[in-house]
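Structures incoming, each one as structure tokens.
Here come two complexes built around chain A, the first alongside chain B, the second alongside chain C.
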Partner chain A sequence: MAVSASSVGTVPKPSVDATHKRPKIVTNKQRVTWVALVLLVLLVAGAVWGLSIGSQHIPLTQLPGAIVKADTPGELILQSIRLPRVVLALCVGAALAVAGALMQAVAANPLAAPEIMGVNAGAVFVVVLAITVVPSLSGAPTILLAFGGAAAAGVSVMLLAGSGRGRVSPVRLALAGVTASSLLISLTQVLIIFDENSTDSVLFWLVGGVNFASWHDVRNLLPWLVLGLLGAFAMARPLNLLALGEDMARGLGQNVERTRIIGSALVIVLCGAAVSVAGPVAFIGLIVPHIMRRLVGSSYTVLLPLSALGGGALVLYADILSRYIKPPFEVPAGVVTALLGAPIFVYLARRQKVTTS
Partner chain B sequence: MSLSATKVRRSVAVLALTVAAAALTACGATASSSSPAAGAAPNADRAAAATGVSSSVNLDSCSKPTRTIKHDLGTTTITGNPTRVVALEYSFVDALVAVGMSPIGVADDNQPKRIIPALRDKVGAYKSVGLRATPNIQVITALKPDLIVADSGRHKAIYAQLSKIAPTIAYASLNGNYQQVLDSEMSTAIALNKCDEMKQRLAEHGKLMAGYKAEAPADENRKALFVRASDKGFTGFPPKAYTPGVLSAIGIGSALPDSGTDASVSLTLETLVATKPDIMFIAANDGPTLRDTWAKSPLWKQLPAVANNASYDVDPNEWSRSRGLIASEVVAQEAVKLLYGK
Partner chain C sequence: MSSATIVAQRVRRTSLARKHPAVLMGSLGVLAVVLSFYSLSVGATDVSMSDVFKAVIGDTSDQAAQIVVQFQLPRVLLAWLVGTALAVSGAVMQGVIRNPLAAPDIIGVTKGAGFAGMLLLLAIPGLPVVAVVPAAFVGGLAAAGLVYLLAYRRGATPVRIALVGIAVSAAFEAGIRFLLVRNPLDVSAALIWLTGSLFGRSMSSVLEILPWVAVLVPLIVVWARKLDVLGLGDDLAAGLGEPVERTRRTLLFFAVALAAAAVAVSGTIGFVGLIAPHMARRVFGGRHLASVPASALFGVLLLLTADMLGRGLAPPLEIPAGLVTAVVGGPYFLYLLVKTGK
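Let's look at the complex of A and B:
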């Protein structure tokens, strides 16, 4: 075909171009559909896999019974232990991945991640503080405390970065975030050193995972997740404009500051809630948006929803893999995401260096 | 650039944390290969054998003016009778009290109440040298000790520094098992030149534990699980850990399988249900713990230990933090009282 087409001469050339162009647009749409479909299949397969493994063998035929009305021990285990674990993995992954994508847009830095804003560190610090210093404070209000810590850290970072000026420069935002993160991480370590009492379990939680998930955690996370995700999806257009560059976005009539501030607030909501129930699961916010960007391009209209699916899938599979490390005992999923994330991060960092130089 | 550097550092930190956690568990594993507790030592034929102590302890040095002490971080030569001793773990306070001595300095986490009642009165006045994880070298130096007893895991990094202050011997306490704790008490006694006192005390200990074991009915075959409950975790201790070792010495088996290399394992409610413990000893931290959440689940009520009212709350200081000869007698006594009402 190609040979015959070229042998004819110059006449068919425009038609070759046309056939090239049209499929290209369709391919992008098809790609999005395909990626979404593949992710959904992965999610369903992962959910089934996650539900079927554990220290007891429970046939999945018990699943309908477990959802409707759990009576037998097997159904109870499915209903009150495995199901919330799978659901929480999906929720936490979605929250962290979307927060990462938002963060990269807001900070205009492809290496930005929720950790950059000190949000995770803030949540971690307050939770560890609650566990070690004032144990009576933990329990029901822990999630609110952690959320408060994330918000306080995030807001103070934003104030630090933009105080006294109308503009919030991405570099200043990142610097302030890194500084706050380092400070909070050292303070957390001080707390842990001073209280050997709960070191083991705190270390476990610091790696991040959904091992002890309950419906209670899911209920705590869900309102914030819905708020954060809907807010993020609604921000897709302004974020797309922001991606054109700050001056261009301003020229097109965008309120860049407002976009940044709302975006940052959504990052705080998503991360604070996710970290308070599952700990700071590493790298999700960094690697998922990047993988999705390579697959479907950088339009936030599709990037954000697909990052949510991808993040959910990644945490779900990380949690499943973590259960094969030392059965029947628990290893936090953060171990697996860190092992996956570190090489991908190095790859991204190196590539970034090449393109900017 | 600073961004990527920080990210790398953070990723390194996360990895380091993981590695550290793995190393912590591995530590207990490498050290827990010695023979099980109780029973006569292989060198029992010798007139002055020590009851229940493994053959790795250098009993030949006993009562000599200059003694060579084998320990986890090498061998140390000690001359004379040390009197100014600094103990960097509660286990070593236990060893000193067992031979009628008391330390001049203790790494007590600045919480004197963590020294269990069985030891507290006999310890008398001492100077706190700070946290067990990070003892204060300056305070230790100022005490002018003539012997320091350190944890071979936790204090490995400062061992050289400690050795400059005074002869330092190091044993597994944090991740030590029952056998290792008994061995370290004997070795510490050799260092203190209190060989005969400790041998006598070990013989008493052996009799006492045999007595507790005799309290159990002949058909006792229930399996016990010892756990630490905290806000973010439910940690079970496998058969080779310290507390299950003590329980096994009084005839109570472990509900957890022998997991080989782990000093402790993290449990979910599902794994707990699968473990089917007949007896549970729960050492819970202050404040709400994961146990409180789980106790609401119908699955919790189906645990044999809960269904048969054989789930007991115990003091983490006595059952977990103070691993020692006297502490193990406290644990055994309380277990017998809880289980058989004697």
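Let's look at the complex of A and C:
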């Protein structure tokens, strides 16, 4: 749980100067602390819950033993099945939520999110393509390929949407992104049909989830997650400036292009890594930053760490809920996040003020 | 509404279409028929053309002819009916809402219909499939109403309707996936509901959709002039003595019914309802008397080609037709989006 540890430390300090220098960005220190505390409690409770459900009852007193040695069968189950699942849920959620927040900042567009802009679909398509062509492929090369797919899809959507006139309207960007996503998803389905006919793999690559999690996945994801999260937290101040508007940020001496490029690169690292181990878990990057913004305001110094916590909690609980859908079977968590996220997408789409066309 | 002009007038017609629209329409029809015959012979087992002809005439003595009649013929007929239904539905929606981005799949009708149809099938197992059409109709209508309601805010702009439609579709698709997870079907059935396919359909499916197409499409063609009048804008249409609101609602009702019937038999095939009317308008111009039948022909051609490609690319495997149309239609939608912005 490197996520929660690193983010808690960064919460209170910067928020002071944020209120101070930029009165427009509302951050209430007490409120932030409360939200962070509640999220932490939720995370711990969710982790305990997630570790204790399953076909076999295992008392949690075995947890320390499971971490250290794993001798008894109970400890072994905890160590090799349930623990990686919980940890991976936290990591994937944190990665996708922070990527969403970054994307909304970089594109200056509340509808921007990795799943809407085609970034996740691009990563999935390339990963599935690689697996179809070279079945034995896994681990690090897959993640690098996922970066390529995510970057290609994201950049093409940006170019397509921007090929009209000057400023890109949020809705146009979202429409272009959603269409590109559906195109890539269709191509992925074609690949899956060619590859093998099992509902499990279809659902995994179309819906995404952590139900096949192993320590191997966690190890693959972790370095990229740490890199992405630290990079994102370091970007908080430039992003706050960018939120004031491009001209204002430039006037205050910021290199806007550099901020955008670094921000986009971080999005690609976070999404590519998360998607290549857990599939495209839906709507995390869209809804978590919006909920957090409602709760703690829009200063990225607190928004990014809290989004990481919130994303982790959301995927964790979605995974737990998904296990109650059809008890003996493992259902991908993405089914639950899609059900939760779609209405929020509807709400955001409706709220958009459209000036174009 | 500036987009009204896009649909009704700002369309150039090719010179052949201007001089001899009937000739061009006729040759499109001939092309569709030829393609159908070719499609009858493509499949897991190749059938020679002479056998196809024999089978169509009614001589089912040998095995090859039986394959054609039992497996291929329903598919091809279904491609005609579903293609017509989706394309005409799209043409009517684009005309009535005066929105070049409107189509049954964009404004949520297909996913809503698919969700409702699947819900009913799973809730009452062993239900005759005929009952799915009304359920799909209710689902499609509910989805369309929801989209319009949510997108309405001092008027509903085309792009916002499209975005809200996509969001509502995403919600229904999440529902479809949830149902799929709760009640695992086999992969091909699952893909039918997720992407749409003509795979494994029999004559009974053809009979289910036939009455809807046979009644509603001629009715819409007869009403083509009303569509033209609506395209002039509400005020002008009312001035010409058209009960605008009533006509609009009736036509939309027909469009949703057609799309729902198509979804009930073939799942959620995307993009045909969006692209076919655009192609038809490009070639035949904005007059609905010509463009509605032409949309139907283009829809048939699209679906026949998609189904044939899906069957023919890697013979024992079936790629659902809905995937092929999505792969073709996605880029076209992006192109439209870029064009609408200028």
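Quick note on the criterion: the second predicted complex is superposed on the first by the 268 of 357 C-alpha atoms of A that agree within 3 Å, B and C clash if a C-alpha of one lies under 4 Å from a C-alpha of the other, contacts with A are read in each partner's own complex, and residues count from 1 in each chain.
Operating definition for what follows: contacts are C-beta pairs under 8 Å (C-beta built on N, C-alpha and C of every residue); 3 or more make two chains touch, one makes a residue touch a chain.
Note that the structure is a prediction, hence the values are computed from the model and not measured.
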{"item": "Contacts of A:Val87 with chain B and chain C, given as first, second, both or neither", "value": "neither"}
{"item": "Chain B versus chain C as contact partner of A:Trp205, first or second or both or neither", "value": "first"}
{"item": "Touching partner for A:Leu187 - first (chain B), second (chain C), both, neither", "value": "second"}
{"item": "Touching partner for A:Ile325 - first (chain B), second (chain C), both, neither", "value": "second"}
{"item": "Which partner, chain B or chain C, touches more chain A residues", "value": "B"}
{"item": "Which superposed partner A:Asn109 touches (first chain B, second chain C, both, neither)", "value": "first"}
{"item": "Chain B versus chain C as contact partner of A:Leu241, first or second or both or neither", "value": "neither"}
{"item": "Contacts of A:Ala338 with chain B and chain C, given as first, second, both or neither", "value": "both"}
{"item": "Chain B versus chain C as contact partner of A:His216, first or second or both or neither", "value": "first"}
{"item": "First, second, both or neither for A:Ile77, with chain B first and chain C second", "value": "first"}
{"item": "Contact residues common to both interfaces of chain A (with chain B and with chain C)", "value": "174-175, 178, 182, 193-194, 197-198, 202-203, 206-207, 282, 326, 329, 331, 335, 338, 341-342, 345-346, 349, 352"}
{"item": "Touching residues (chain side chain A, partner chain B) in the complex", "value": "54-56, 73, 76-77, 80-82, 109, 111-113, 115-116, 130-131, 134-140, 142, 174-175, 178, 181-182, 185, 193-194, 196-198, 200-207, 211-212, 214, 216, 282-283, 286, 326, 328-331, 334-335, 338, 341-342, 345-346, 349, 352-353"}
{"item": "Interface residues, chain B side, partner chain A - complex", "value": "2-4, 6-8, 10-11, 13-15, 17-18, 20-21, 109, 131-134, 228, 230-236, 259, 262, 264-271, 273-275, 285-288, 290, 292-293, 297-299, 302, 316"}
{"item": "Chain C residues within the chain A interface of the complex", "value": "2-3, 150-151, 153, 157-160, 162-164, 166-168, 170-171, 173-175, 177-178, 180-182, 184-187, 190-191, 194-195, 270, 314, 317-320, 323, 326-327, 330-331, 333-334, 337-338, 340-342"}
{"item": "Of all residues in chain A, those that touch chain C in their complex", "value": "160-161, 163-165, 169, 171-172, 174-176, 178-180, 182-183, 186-187, 189-190, 193-194, 197-199, 202-203, 206-207, 282, 325-326, 329, 331-332, 335, 338-339, 341-343, 345-346, 348-350, 352, 354, 356-357"}
